[in-house]
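These are the structures, in structure tokens.
The same subunit A turns up in both complexes below, where it pairs with subunit B and then with subunit C.
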Partner chain A sequence: MKFKYSFITIFSLILLIFSLLAATVIGSVDLTFGQVFETLFICNENQNSGIQNSCSVDPVYQKIIWEIRLPRILMAFLTGAGLSITGAILQSVTRNPLADPYLFGISSGAALGAVLAISVFSSGIISVTFGALSGGIFSVILMLTLAGRAVLQVERLLLSGVAVSFMLGAFTSLIIYYSDPDTASTLLFWMMGSFSNSQWQDLLLPAISITIGFILFLIYRSWIGAIQAGDEGAFTLGIPVNQLRLMMLIICSVITAILVAQVGGIGFVGLMIPHISRYIVGSTLHKVLFMCVTIGGSFMLWVDVVAHSLIPDQVLPVGIVTAAIGSLFFFLILKSRGRAL
Partner chain B sequence: MKKIVILFIGLILLPFCHLSQGKDDGENKIAQRIIALAPHSVELLYAIGAGDRIVATTEYADYPKAALKIPRVGNANGIQIERVIELKPDLVIVWQGGNKSADIQKLKSLGVNLLSTQPFKISDISKELRQLGKLTGLEQQANKVIEEVEKRYKEITNKYKSRSKVKTFYQLWHDPLTSIGPDSWLESLLNDCNAENIFKDAFSSYPVVSIESVLVKNPQAIIIPHHSGDNDLQATEKTRIWKKWSEISAVKNGHVSVINGDLLHRFTPRVLDGLQTLCEDIDKVRRK
Partner chain C sequence: MSSIGSSLNQQHSSAVFAADKICWLVDEQLILDCLTFEIKAQEFVGIIGPNGAGKSSLLRCLYGLNEICAGELTFQNKPSHTYTRRELAKQIAVVVQEPPTHFDMKVSDVVAMGLIPHKSLLAFSSPQEQITIDNAIEMVELSEKKNAAFNTLSGGEKQRVMVARAIVQNPQVLILDEPTNHLDIQHQIEVLQLVKRMQVTVILSLHDLNIAAAFCDRLILLDKGKIVADGSCDQVLTQQNLKNIFRIDGQIDQHPFHSGRRITFNFTDGKVNEI
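Let's turn to the complex of A and B:
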């Protein structure tokens, strides 16, 4: 068994690295692995420094790799990994296989924030990212306040999240209905998710929040495991079940809100990747989390590649591709799992 | 009970009586009460002197100024069908592609006298003017406008016909980055200036594209329409995205032009003003 896990780990890491490279190679401009490798490791970006290097890649290609592809690819990786690990944690602490990062209305809240930033504060004083981030956090606070003590019970917590999601969704639809067609199309495209506008500086906040979250999840992994097995058992072990659950919810919400603010609503990854990971490595939490990072990241990279290359010269919204590929993939897994049983 | 049944059947048949009546006297009559559900049709009606016969229109009908006073019965989200019927129009102009097709179907089923418009190229303006002239009995005025439009259009196209092709990127919208594809009104305008749309082989009429594919196609000119409804942020964002891509010929040689989009996106004689500026901006590339 141990051998199997280490084998899977190495395989998934290779998959991730291959996906990262492949995503850098594929695009409107046809590049080779060699060119990408040269650009990344040999070509010196600072060409005025006078240092002689054996760089044979056209500067335009270097710029395309550094300025367009890498930020986009890394954002895709972070989104896939981030949504997958938060999904895994939420499924564990709520003991609900249908839990996903958008459980508490974060995507609806973020969408509302973005809509408000685009259409109501139209002078541009509030950026879409900031609007979406505030909206996402607002939705969690709203959910916690409205639910009150009900937060302590898993079922009520889930239902409160659904209620908040519908409430904010209604406002969003209302504003879209009354906005002009250009704004509406910007909003629709935003809500369907895209990595196209990613810049290097946009990566900082998601990277930091995901790293901190990942470390915290690993530190508390045995407690989370105990909660997953049942509240009563966890209580008898002396674990502060309610506080821990609340803390995990808040960490997941912050990560999700930051990601949604940058890339829009990308569904399904946070629900599906944890299940696939568990199917591969069993339910040991740290193994699941590691798988979520590698598989979730790789999956999102390929989704982005498909979104960019399915139709020549055109870009599809990432959310559509995720849901389309994801559901097919999920069916295949369910089927093979059924056969194995 | 019998009475109720008869009453009920009568009520059901009522709309059909109205329909047949409407058809009888709607045929060869001159339209006096017009509802124009497209801003460009409003403008064309004013151009032939039938503006005062418009009893209702939609939002965005803002030219000429007098059009702002016409009552509104709908917007991009839909038409208030009941108000349309209530106003008893003898001609309703619907816009295929601009109005919701469900609304058009509904009006059709109610037996309203419809004229549908769907302009794709400049010659369609003359076609619609001719139709409107006939329906309003103002054929002479319509012919006069048509003559002017065609004369000026010919002048512009003749001027650029023999000049070299200019590879052009038309940035319809910046977020998501949207351009124009084949069979779009705007592409026909580019062709009139003898410019070549870099996305002429696109899959759809209004493709969402990536900066990378624009880089690969390396356009000689980038055209960015500005609309009166844009806010400050949108206006600066539109051009900002190109600043760092000096590898693109258009950026390097300073051929990124912002033009009045309101003029270009209107299917009326005013589009010729827009077309002229568009062609002049594109022609700057050739002169360099």
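Let's turn to the complex of A and C:
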């Protein structure tokens, strides 16, 4: 079952825009599309030019939209899109359908960094974000160092990643085990992922890294496609297979580390959305990447909506909702696909 | 003096590959042991030999995946290692043993990869390229499966797709590693006829000696990493070689349908089987 690509593109774009708007409207304070539209496109311009009163939206609502919801929603979108495209690339260059952005223990490295920042340097000398970012990047460096020459073989590379992941995970558990209950619950909540504390300035680094990554993935798409078809075949086409794979791994790691540092551990999106995208548009890489942005972004927005509205006056950790919705969705896809084949 | 020099030169320039005592080892084990041979332009050369003789290793040396550890390998009169991978890829197309199986890629996507060596990363695909791809797919008679997933094809169709990719690559030399593996007899012949029509230098490894006799201009027989025989099919496919290298008795006679040889194996003990 393959649909026409142009139709799917337009449909997925509409879905994304609708999801963005819907996520802005739905929340503990229910707004209307009209209020959101007015706030975004009319009120703001008037504020800038100093003209008042043509804007009928309550300033409190404006504040909710501009300072709470928009940063949170854009962070959700960036996370969904970013984890999905890195997942797609990692699955291609390792030719492993189970590869995901947390392949090299980036998630456990970031968790360890965050844990250290919260519990050991609790005086706030370094922020959780910075701790997580350094932890994530450290895990990648550690993995590449430990793997040594094994980097040249995909299977051994993946195994080294798993080993690093468990090693760092053990340290994190150890620290949580010895920390006081308050710190422990803060850490656990952080590890389950959340968009709630996102500020405008937090969006900058994820946005830049994802944009650069996306452009590089598009530029190298034909080479990545050839690697996806096999290392030896790619070699005979004149592609520097190992160097390219290493470069892609590092780009993906940086994007993931930046995202994990901001929003915590959100699993499954990076694994699942690429498969769903391939199911819809086939495995031509630039189409898959585009689908990952729109579908991955929309999916994360709805996850955020559900996390905020499922239980009144309470925000569920995003990681839990992602895994729950995601796995159900994935089963459906696998089932329908099984029938089609 | 000068005439000898020029004739030598001429002889040299017609050689696509010239290997002079090349060796290749893995974990201190010599896989290819001092091979010397030349392959001329437009030749159709079959590499034959028992399992583990070094056929694939030799082909990999030719297309640069294996780096030789001794001797000299020249390609188009220049040492092979002085070429960049991209330069080699523009002139040598390879059909490797393992076809791609991951993430159901489309047939036309796989074929389009043949353009990679000739194309800048930043170039957009042009309508001209699409025509090249479509023509290649038509040549291998898979036009109606152009948009099918590669995984859903049969073994013979997959191999034809890989040949189409090689056609798109527009090489001077085509190297195929056991291209007839897993194919039924009709598709074995089809694939090789297709390759023959490309009119380029072809170097391929084969197991079926009758197929080798029917298609190759020349055979190189390998055993335990050494060249045991190198020459025309008549010279290489002898009863002695069958017995000593392949360890099977056989009768070799004129093929009833083409000018080459026919080999009839005798696997009932001792007595030669007449058909």
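Note that in this section the second predicted complex is superposed on the first by the 330 of 341 C-alpha atoms of A that agree within 3 Å, B and C clash if a C-alpha of one lies under 4 Å from a C-alpha of the other, contacts with A are read in each partner's own complex, and residues count from 1 in each chain.
Everything that follows uses one rule, which is that contacts are C-beta pairs under 8 Å (C-beta built on N, C-alpha and C of every residue); 3 or more make two chains touch, one makes a residue touch a chain.
Predicted, not measured: the structure shown is a model, and the values here were computed from it.
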Three-chain arrangement built on subunit A, subunit B and subunit C clash or fit: fit
Subunit B versus subunit C as contact partner of A:Ser185, first or second or both or neither: first
Touching partner for A:Thr211 - first (subunit B), second (subunit C), both, neither: neither
C-alpha centroid angle, subunit C to subunit B via subunit A, nearest 10°: 140
Partner chain in contact with A:Val60 - subunit B first, subunit C second, else both or neither: first
Partner chain(s) touched by A:Gln314 [first = subunit B, second = subunit C, both, neither]: first
Partner chain in contact with A:Ser336 - subunit B first, subunit C second, else both or neither: neither
First, second, both or neither for A:Gln199, with subunit B first and subunit C second: neither
Gap in Å between nearest CA atoms once subunit C and subunit B share a frame through chain A: 40
Residues on subunit B engaged by subunit A in the complex (per definition of touch): 76-77, 173, 175-178, 199, 201-204, 207-213, 215-216, 227, 229, 231-234, 244, 247
Touching residues (chain side subunit C, partner subunit A) in the complex: 63-65, 84-90, 92-94, 96, 98-100, 102-106, 109-110, 112-114, 116-117, 119, 121-122, 149, 169
Residues of subunit A that touch subunit C when the two form their complex: 91-92, 95, 97, 219-220, 222-223, 225-226, 228-230, 232-233, 235-240, 278, 282-284
In the complex, subunit A residues that touch subunit B: 27-29, 59-60, 63-64, 67-69, 122-124, 177, 180-182, 185-186, 189, 194, 196-197, 308, 311-316
